Every structure is written in C-alpha cells, then in structure tokens.
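Below is one structure, written out as structure tokens; the observations come after it.
A, B, C and D label the chains in the order they appear, each numbered from 1.
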Amino acid sequence: MPSVQVLLFARYAELLGTPRIELSFEDGATVGHLIADLRALPGGNSLPERPFVAVNLEQAGYERPLQGNDEVAVLPPMAGG
Amino acid sequence: MPSVQVLLFARYAELLGTPRIELSFEDGATVGHLIADLRALPGGNSLPERPFVAVNLEQAGYERPLQGNDEVAVLPPMAGG
Amino acid sequence: MIHLVRQPIDVSALIGAVSAAGRGAIATFIGLVRDHHGGRGVVELEYSAYEPMANAAIGAILEEAAGRWPVSVGLRHRLGRLAIGDVAVAIAVGAGHRAEAFEACRFVIEAVKERVPIWKRERYADGTEAWVDPSASGGVRPVATPAGGAG
Amino acid sequence: MIHLVRQPIDVSALIGAVSAAGRGAIATFIGLVRDHHGGRGVVELEYSAYEPMANAAIGAILEEAAGRWPVSVGLRHRLGRLAIGDVAVAIAVGAGHRAEAFEACRFVIEAVKERVPIWKRERYADGTEAWVDPSASGGVRPVATPAGGAG
C-alpha cells in the first residue's frame, strides 16, 4: 500500500506522542480517511474531529484524495503574531 | 496706547518682511481690528483676509478683545507631519 | 525570503529595508511578549512553526498586501524561547502615503494571526504551561500528556 | 516634554520608551522626507515652528490620545534643514492590544497635521523654493518677496 508522512505539531504532537507518523492508505482514500485513522491511534481520540489539514504546504479539504509521498500536516489552531 | 507683540511665521513673515511687529491698539480693540491693521501695513494686503490667529499660545477668535502684553501669532496653514 | 528567525529581531533594519526616497510614510507593528495572559503571570514562552508552510504563508500575505496597496512590506517572526519584552513579530510597511501604510500594516498582522502555522506555548509564574489557542475558552489549552504516558 | 528636536530622531529609543512588560502591541508611524511633491523633484526642506505653541499642541494631542485609549504615546518632530530620507516625524504607541495601538497612532498623526503650528519650505531640483500649503491648489505657495523688495 502507498503511504504518506503525517506531521503533527504543538499540542497535537503531544497528544499522539510524536511529531511524525508514516501511515499507509488504500487506493482512493482521502484526507478525511487519514484523519479517521489518526484519531484511532493511541491518544488520537483527543484530537478534534476535524482538525485543520495542509497537504504539501497548502490548506486541504477532507475530500482530497491522498497520493503516495504526500506530506500531510495536522495543524492546531494558529497562535502566531 | 497699549500694545501687543505680533508674531509672524513662515510665508507671512516673508510677506511683511519681519517675524515680529509691535502694534499699539485702542481700548476695546479686538483680534479682528489687529488683523485689519496688519493688512494695512506694506505687504500686509497679501495676507488672507482671515488668517488663523493664536493669542498667548491658544487659538483665538476674531471677536476676542486685546489686552496689553498679549502675544498674538498669525499662523499660515499648518504643514507639519 | 526567510521571515522566521531564531535571533532577536532588528526592527531598525526592517524599517530601513522598506524606506526609499519615494516613500514618505512608514507604518510598523511590533508584537512584544507580554507578562500576562488571561489573568495569569507569564514568565517565558516558546514559538514553534511548521516552518516551510509558515514561510510560504507569510510570503503569500506580503504579496497580497503589495497587490492591494502600493507598498513595500517586511516581516520577521521569531521562533524559539522568548522572554518578557522580547519582540515576537515586527512588520514594517513603506508607502507613499500614510493611509496605505496603516491599512496594509493592519491587514498583514491580522492575516498572520489567522493564516500562518505558528504555535505558542506559555510558561506561567506558578510553573505550569499551556498552549495558546484563540479558539479555546480562556484562550489556552493544557499541555497534553503524551500517548502511553502515566495519565 | 520636548517634542520638537533639531537632531536626527532616534526611532528605536522612542519605541523603547513606550514598551513595557504589560504592553504587547506597539504601532509606529514614521514620516520621511520624500524626493518629490506635486510632480516636482525635492532636494531638501526646512521645517520651522511656533515652538512653544507647537510643543503645547503636541502635548495636548498626546494627552487626548491617552484619554481615549489605554495607551502610552511618544512623538518627536524634527525642525531645521532635512535631507531626502530623513525622519521628519516619528510616533510610537504602546498598548495592550493592537487595535488600540493602531487607532491611537492614526489619530495622533492626523491631529498633528491639523493642529500643530509647523511649516515646511521645500527646495526643488530646479533651484526654486516654495511653502507647503495643503489648502493651496498644487499644495504649495510661492516664496514671498519681502515687503519693500524689488517685486
């Protein structure tokens, strides 16, 4: 199966206990499926149901199909400035 | 007769050829009378009819009576900042 | 352009970079680390970022500003540990006229707060820490116990 | 407080003076000498003032700002001869939050332009000079021939 790198930041990295996870996915899987898989991991159920997601540095919707080697980042609410 | 110091600035000082004139006034004279006297001096008719005036550092109306030793300043349009 | 820095921000250099002979107005915004948040005493904080995306997002904001107003904009955002009073973010906008300078400067700081993946962890006078989260009640969320940890 | 200065304005010092541990937002406005005005090339200018009234007027503006918003404000306005690119005026506003900082900063520069007796004489690339007058068509009035002079 193809896989993607999932990057976790700030409080989300703490919840999952890591800043980076490689997750495999089935053909036709979307960002939404990946988030569901992530929330099934230990600590993952503390993530919000629909966290903000970026794919390859761009904001991405939950219907977006995954491609092998995508970099998927799961982003807590922003607090810069 | 009592008198006041009249201060002229920037272009107005150029028009009258001096930054300071002492003008005497009759009892009961106002700022308006003083401006009329000033406009009767050589170069004074190039002043606007109702220039902005300050008396003792505060903006003053033309009906204001003059007092001996008042410092009257005749101010061109402001251009600071 | 690198907008994220780990060293103290040189505000004067940023202002100089947007000054030009044809520009008469410069508006700046500087965000400093405050000693309190939500009624609690803050002693230190740490900014982290998804750096490549944050840099790209800031670049896009500055381009958008330069497209909407005839301005030149510079921005630096600090990352890492900061002490009270440190400059966390600085924005300088050079323009021909002051209205454009103020409007563009305000636009940039608002957009940075909304769109740039940067996070802030505060340490308080009582020794506790929390993640700043403008969407949370109280403005923060507790530090999480790692998965598989004791809690 | 002396708001009018004849030496170069130290913007960093002005910013430092309104920074405090409880203030997280600083907005500044800096006015620079531009190299053009009304389509003419400017090479130099000179600011003059009715100094005691100008200082008092600036003081009143800063007090009004501090009464309308919870802010700390510093201002310096330069007098004398200035070259292109010199800082003519600098305003720094320290506040708890950015909205107040921006609003107060904008208020102060607008009020300074309206209410403070300061005048500006420009010298142009063609050797002529004029007084800046926002009320005049073209924004300037010619230098006057002294009374009793040849003209």
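Rule of thumb we're sticking to: contacts are C-beta pairs under 8 Å (C-beta built on N, C-alpha and C of every residue); 3 or more make two chains touch, one makes a residue touch a chain.
Predicted model, so just to flag it, every value in this text is computed and none were measured.
Student: Going only between touching chains, how few steps reach chain D from chain A?
Tutor: 2
Student: Round to the nearest whole Å and give the separation of the Cα centres of chain B and chain C.
Tutor: It comes to 52 Å between the two C-alpha centres.
Student: Whole-Å distance, chain A centre to chain B centre, using C-alpha means?
Tutor: Inter-chain centre distance comes to 75 Å.
Student: Which whole number of Å gives the spacing of the CA centres of chain C and chain D?
Tutor: 28
Student: At what distance in angstrom does the C-alpha mean of chain C lie from that of chain A?
Tutor: The answer is 25 Å.
Student: Touching at least two other chains at once: which residues of chain A meet that condition?
Tutor: none
Student: Mind pulling the residue numbers of chain D that touch at least two other chains?
Tutor: 31, 109
Student: Could you list each pair of chains that touch, in label order?
Tutor: All chain pairs meeting the touch criterion are A-C, B-D, C-D.
Student: In the complex, go through chain D and note every residue touching chain B.
Tutor: 31, 47-50, 52-54, 56, 77, 88-89, 109, 112-121, 131-136, 141, 143-149
Student: What residues of chain C sit close enough to touch chain D in their complex?
Tutor: Within the complex, chain C contacts chain D at residues 11-12, 15, 19, 21-36, 84-85, 96, 98, 101-102, 105-106, 109.
Student: Would you pull the chain A residues touching chain C in the complex into a rising list?
Tutor: 7, 9-11, 14-17, 41-44, 46, 54, 57, 73, 75-81
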